[in-house]
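Shared chain: subunit A. Partners: subunit B in the first complex, subunit C in the second.
This part shows the complex of A and B:
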C-alpha cells in the first residue's frame, strides 16, 4: 500500500535562513503522526510543502505517491485539510460553504457535514466571519471531512479552543479513526491531548527532524534518573557516572543529579546502579511533553 | 467504563493499562460476568485514545478468556473465570511479576516493601469485592 505521506530530504530555505533541512519521513496508512516543534522550528514550511502550497528548495514531498508540487489534484481529492488559520470566505455561511464544496468534490456528504456542525453547535446560517475562533475551526473540520478523506492533515488544531471545543475535536477524530481508519498528520503544541491518540511522533528542532519514532518505543527509552550528590564532591566532573547513557539533559541540584536519559533499559539501569554511590538512584517515566522539552527545549549551554 | 482510569503520560503502553484496568474491574467484581463492555469506538472516545489501542486490549482480553465476543452483538465479560492450563497461568503470572519487580527496582524499593505493596493491593481488591451487593 502506498504511504499517504512521504517526505524525501525536504529542505526549505528563505535566503540564508534554513526553515527545514533534509527532512525524510513517512506516514503509513492508518497512522496518526504528530509533528512537534517549538515555534519557528519549521513545521509550517513543512506543511505548506506537503500540501503543494510552496515549492521546496530541495527534496520532495509526496501525497499518495504523487509529487505535492507537480500533481496534487488527484491526491488532494483524498485529503482533508484543516489549516492553522481558518481561510474560508468571511461572508459565506456554513451552509453556503457546504453547497460550494458539494460542487467541487465528486463524493460529498452534506448530511455528514450538517450532523457534525450540529454536534459542534455551530449555527449553519451565520456568516463565517462572525463565528468564534473555535466555531471557525469546527466548520473547517466538518468541511475537511465532507468528502470522507483517507488522509486528514491538521495544522495545530487545538490552538485557541476552549475545553469543550477541544473535547469535541478529539471525539470527532477518534470517531473518524474508529469508523474509517483515516490516516492523520498533525502539528500540535497540545502534547497531552494527543498523547493517547498519536501512534508516531516526529520532533523538529531548528529545521531538523531529531525524533521520528513510534510513540511507545519513544516513551520506553526515555527516563528521568535522579540520585543523591554524595559522590560528585570527590569528582571533577559532575555526572560522569552517567557516561554509559545518552543524557540529553543533566542538571546538578542541591540534593544531587537530575538527568534525562534517552537510551534507558532495565539492564543498563541495573548496571548503572551497581556503581558505588548511586545505589539509591531512581528512574521515572516521562510524559510526551517532558520528552519534548528535553529534546527540543534545551537551551544552549544547558547540556553538560 | 466506570472505574477505568488510564494515564496516557505513563510509560506503560496504553493498551496494557486498559488490559490491566479491565482485569482489575473483573477481578474485583465491579464488572460482573455476562455484562456488556463498551464498544471499541465508545471506550476510545471516552478515554480519548486511538481506537486501535482499545481494540488491541480487547483482543488480548478475549484471547485470555476474560472477555467474549458475540458476533454482531458486542463484547461481554466472560461468564466463567478463564480456565487456563496451569503452565500458561504460571507463565502469565511470572511475566506480570517480572514487570512489577522491575518497576519496584527502578523506584529503588526493597523486595520487602514491594511484597508489602502486593499484599496491600490484594487486600484492597477483596474489599472492593466485598463492598458490592
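This part shows the complex of A and C:
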C-alpha cells in the first residue's frame, strides 16, 4: 500500500540558511504523525514542500506516491489542509468559500461543512476577515474536511486557539479518525492535546529529523532517572555511570542527579542501580512534551 | 475548466464592490453639469466627457490595480496557500484572475456609462469608433490590452516585492531589450517599407505580450508561496521570451536587409546605365521596397537605401553610381558611391541637409551636381566639399542638367508662366564659380518634353500643342529646325547615335516613324504596324531601333526597325522596353549607347525584367518572381 506521505532527503534552504536538511520520513495510511520542533525548526517549510507549495532545494516530497510539486492538483483533491495562518480570502463568507470549494473538488459535502460550522458556532454569512482567530481556524478545518480527505495536513492548527476552540478541533479530528481512518500529518506545539491522538512522532531539531518513531516506542525508551550521587574519583564508575543510557539531558541538583535518558530498559536500570555510589535511583516515564523538551529544548548538560 | 470558472466567479464575488463604485462614478458624471451650472448641449457634453474619462480610468486603473495587488501580495504573504491547497491548477489561478480583472474593468467601464447613456448624452468618441483606420477587431484588442495591463502590473509587482538583486538584472535586461529592438527597427527604416517595419514591431509586440502572460503564469506555477522563486521564474521566462523576440526581430531585420536582386518579387522599375552592365532595379523584396544597383556582368550588387522618388544616378559611362541615403527623421543625408562591379559601396564624407531635386554625377563620377531649394551646387565626392554653388530658380521651376565638361554644368531651367513656358540654358563654371545664362527658348506653348543629344550640343523640344517638335542649339537655344510632322500626334522623339533623329507619329488610321538628318531635314517615313500605342526603345545597333507596338500598356509586340533600310522585323511579343531613345531622368542626355546591355532589357506582364537577344529572339527572365532560381 502506498504511503500517503513520503519525504526523501528533503532539504530546504533560504540563501545560506538551511531550514531543514535531509529529512526522510514516511506516514503510512491511517497513521497520525505529529511533527514537533521548536519555532524556526523548519516545520512550516517542510509542510509547504509536502503540499507542493514550495519547491525543495533538494530531495523530494511525495503525496500518495506522486511528487507533490509536480502533481499538487491531483494530490490536493485527496488532501485536506489546515494552515498555520488561516489564509482564506478575507472578503468571502464561509458560505461563499464553501460554494467555491464545491466547484473545485470532485466530491464535496456542503451539508457536512454547514453542520460543522454550526457545531463550531461560526456565522456562515460573516466575511472571513471579520471572524475571530478561532473561528477562522474552524472554518479552515470545516473546509479541509468538506471533501472527506484521505489525508489531513494540519500546520499548528491550535496556534492561538482558546481552550474551547482547541477542544472542538480535537473532537472533530478524533471523530474524523474514528469514522474514516483518515491519515493525519500535523505539526504542533500543543503536545498535550495531540498526545492521545498521535501514533507516530517526529522531532525536528535545527532542521534535522532527530526522532521518527511510534509514539509508544518513543515513550517506552525515555525515562527521567533521579539518583543521589555518592560517586567519588576513587570509584571506577566515576563520571560514566549513565553511559549505558543515552542521556540527552543531565542536570545536577542539590540532592543529586536529574537525567533524561533515551534508551531506557529495565535491565539497564537494574544494572545502573547496582553501581556502587548510585543511591535512591528512580525511573519515571515522560510525557511527550517532556521528551520533546529533552530532545529539542536544550543541548546536553554537563555530566559533571 | 471548473477550476477556472470557480476562480473567476470567486474573484468577481470578492471584488464586487468595485462595480458599486463604478455605478457611483456613473452617477457622479450625471451631476457634474449641475455643479458647473451647465445646461443643454454643454451639459450633455460635460456628462459624456466626464463619463468617458471615468470609464477610461476604471478600464485602465482596475487591471493595473488588480495586477499589482491581486496575486503578488498573495504570493509574498503566502496567502495563495489557500488556493494551492485546493485542486486548482496554477493555470486556472493565473488565467482566472486575469479574466476576472478584465471582466471587472470592462464591466465597470460599461457601468460608468450607463447613467450617462440613459440620460441621452452622445458618445464623444463616436466618430473615432467609426474611423476606417480603426481595425474591426478593436474590442478584442481593447480587452487584450486590459489583459496585458494586468499581466505587466503583476510582473512589476512581483519584481518589486521580491526585493531581490534580480531586479537590477531585470532593469539591465529591459534596457538591453529596448536598445536591441530600437536598433533592429532602426535598421528597417519606414521609408524602405512600412510592411517590414510593421511586421517586425507587431511580431515583437505579439511575442512580448505572450511572454508577459507566460511569465506571469510561470511566477504562479514556479513561485507558489515563495516570492523570490516567483520572481526568478518570472524573470527567466520574461527575458528568455523578450530576448528571443529581440533576437528574432534583429534576425528578421538582417534577413530583410540581406535580400538580393534575386529576391525581388516584382520589378517595379529599372534604370540601366547608358553604358556598361549596371542596372538599378526596384521592387518588393522580403517586405521592403528594395532598390538594388546590380552589375549583370559580375552578379555583384549593392542595396541603396534611398527614398522612392530619388533614385541612384549612373555616371554617363555607367561605371559609377551615386545616391543619397534616405532617413526617417531628416538630414543630413550621407551620399554613397559605388564603382560598378566592386565588392562594396563607399559612404562618402559628403552629407546633404535635405533631399535634392536631382543628383547628377559627373562623367567620371567624382563630382556630384545637386539642386536643393533652387540652388545648384557642385560637390566633390572625394573631398566632401562644395566646389561651386549658385541660385538658379525657385520651387516651381523644373530642372534638367548634365556635365557639359568636368568643370561645367549645363542646366535647363523650365519655367512656367501663366500661358507660356520658357527654357533657360545656364552654365555653372566650377573654376570661376560663376553662373551664366547662355540662352533661352521662349514662348513655348504647353511644354511636354525635351531631349538632348549625348554631347549636349543639340536639344529637341516637343510641345503638346500645337503638336510640333523643334530642334535647337543645346548651348545657346538658337533654333535650328522644325521637325516636320504630319497630321498625327507626335508620340516619341529622340536622337540616334549618329546624330540623326527619329519621331513616331500616330493618327487614327496609321502610325509612322519619321527619320530626320542631324540638321533636322526629313529623310524617311516608315509606316509602322497598327496599334493604338507605340513606344521607341533603345538602339540595339547603329540604325536599328526597338519599337514596341500594341494596345496594352505593357504587353506590346517588339519590332526591330532598320531606319536606314526602312525595314521592320517582329522579334517578340508581350514585352515593353526598359530604355528609350530619350531619357526621362534629370539627365536629358543620358541615353543608352547603341548596342548596350540596357537596350536588351524589357519588362514583361508579370513585372519581370527580361533580357531579349534581338538577333535570335531568345528571351530570359533575369529578375522578378519569374526568374529561374
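Basically, the second predicted complex is superposed on the first by the 289 of 304 C-alpha atoms of A that agree within 3 Å, B and C clash if a C-alpha of one lies under 4 Å from a C-alpha of the other, contacts with A are read in each partner's own complex, and residues count from 1 in each chain.
Methods note: a residue touches a chain if its C-beta (ideal position, glycine included) is under 8 Å from a C-beta of that chain, and two chains touch if they have at least 3 such contacts.
What you are looking at is a predicted structure, and each value in this text was computed from that prediction instead of being measured.
Asks: After aligning the two structures on subunit A, examine subunit B and subunit C and state clash or fit.
Replies: After superposition on subunit A, which the two structures share, subunit B sits beside subunit C with no clash.
Asks: Determine, under the contact definition given at the top, whether A:114 touches first (subunit B), second (subunit C), both, or neither.
Replies: Neither: A:114 stays clear of subunit B and subunit C.
Asks: Is it subunit B or subunit C that touches the larger share of residues in subunit A?
Replies: Tallying touched residues of subunit A, the top partner is B.
Asks: Given the touch rule stated above, what does A:55 touch, subunit B (first), subunit C (second), both, or neither?
Replies: Once the two structures are laid over each other on A, A:55 reaches subunit C alone.
Asks: Once the shared chain is lined up, is A:199 touching subunit B (first), subunit C (second), both, or neither of them?
Replies: Touch partner of A:199: subunit B, not subunit C.
Asks: Give one of first, second, both or neither to describe whether A:216 is in contact with subunit B, with subunit C, with both, or with none.
Replies: In the superposition, A:216 contacts subunit B only.
Asks: What angle, in steps of 10 degrees, lies at subunit A between subunit B and subunit C when each chain is taken as its C-alpha centre?
Replies: 150
Asks: For A:285, decide between first (touching subunit B), second (touching subunit C), both and neither.
Replies: A:285: touches subunit B, not subunit C.
Asks: Let me test your reading of the model: by the given contact rule, A:179 touches which partner, first (subunit B), second (subunit C), both or neither?
Replies: A:179 sits against subunit B, while subunit C stays out of touch.
Asks: So, does A:159 touch the first partner subunit B, the second partner subunit C, both, or neither?
Replies: So A:159 meets neither subunit B nor subunit C here.
Asks: Tell me, in angstrom, the smallest C-alpha to C-alpha distance between subunit B and subunit C in the overlaid model?
Replies: For subunit B and subunit C in the superposition, the minimum C-alpha gap reads 26 Å.
Asks: Across the two complexes, find the residues of subunit A that touch subunit B and also touch subunit C.
Replies: Shared contact residues on subunit A: none.
Asks: Taking the complex as given, what residues does subunit C use to touch subunit A?
Replies: It comes out as residues 2-3, 5-6, 9-10, 13-15, 78-82, 84-89, 222, 224-226, 229.
Asks: Which of the residues in subunit B end up touching subunit A in this complex?
Replies: Listed in rising order, the residues of subunit B that touch subunit A are 6, 8-14, 40-41, 44-45, 47-53, 102, 105-108.
Asks: Which residues, counting only subunit A, touch subunit C once they are in their complex?
Replies: Within the complex, subunit A contacts subunit C at residues 48, 51-55, 72-74, 76-77, 79, 81, 83, 85, 87-89, 91-92, 96, 100-101, 103-106.
Asks: Going by the contact rule at the top, pick out the subunit A residues touching subunit B in the complex.
Replies: Residues of subunit A touching subunit B: 30, 32, 167, 170-171, 174-175, 177-179, 192-193, 195-199, 216, 219-220, 222-223, 266, 269-270, 280-289.
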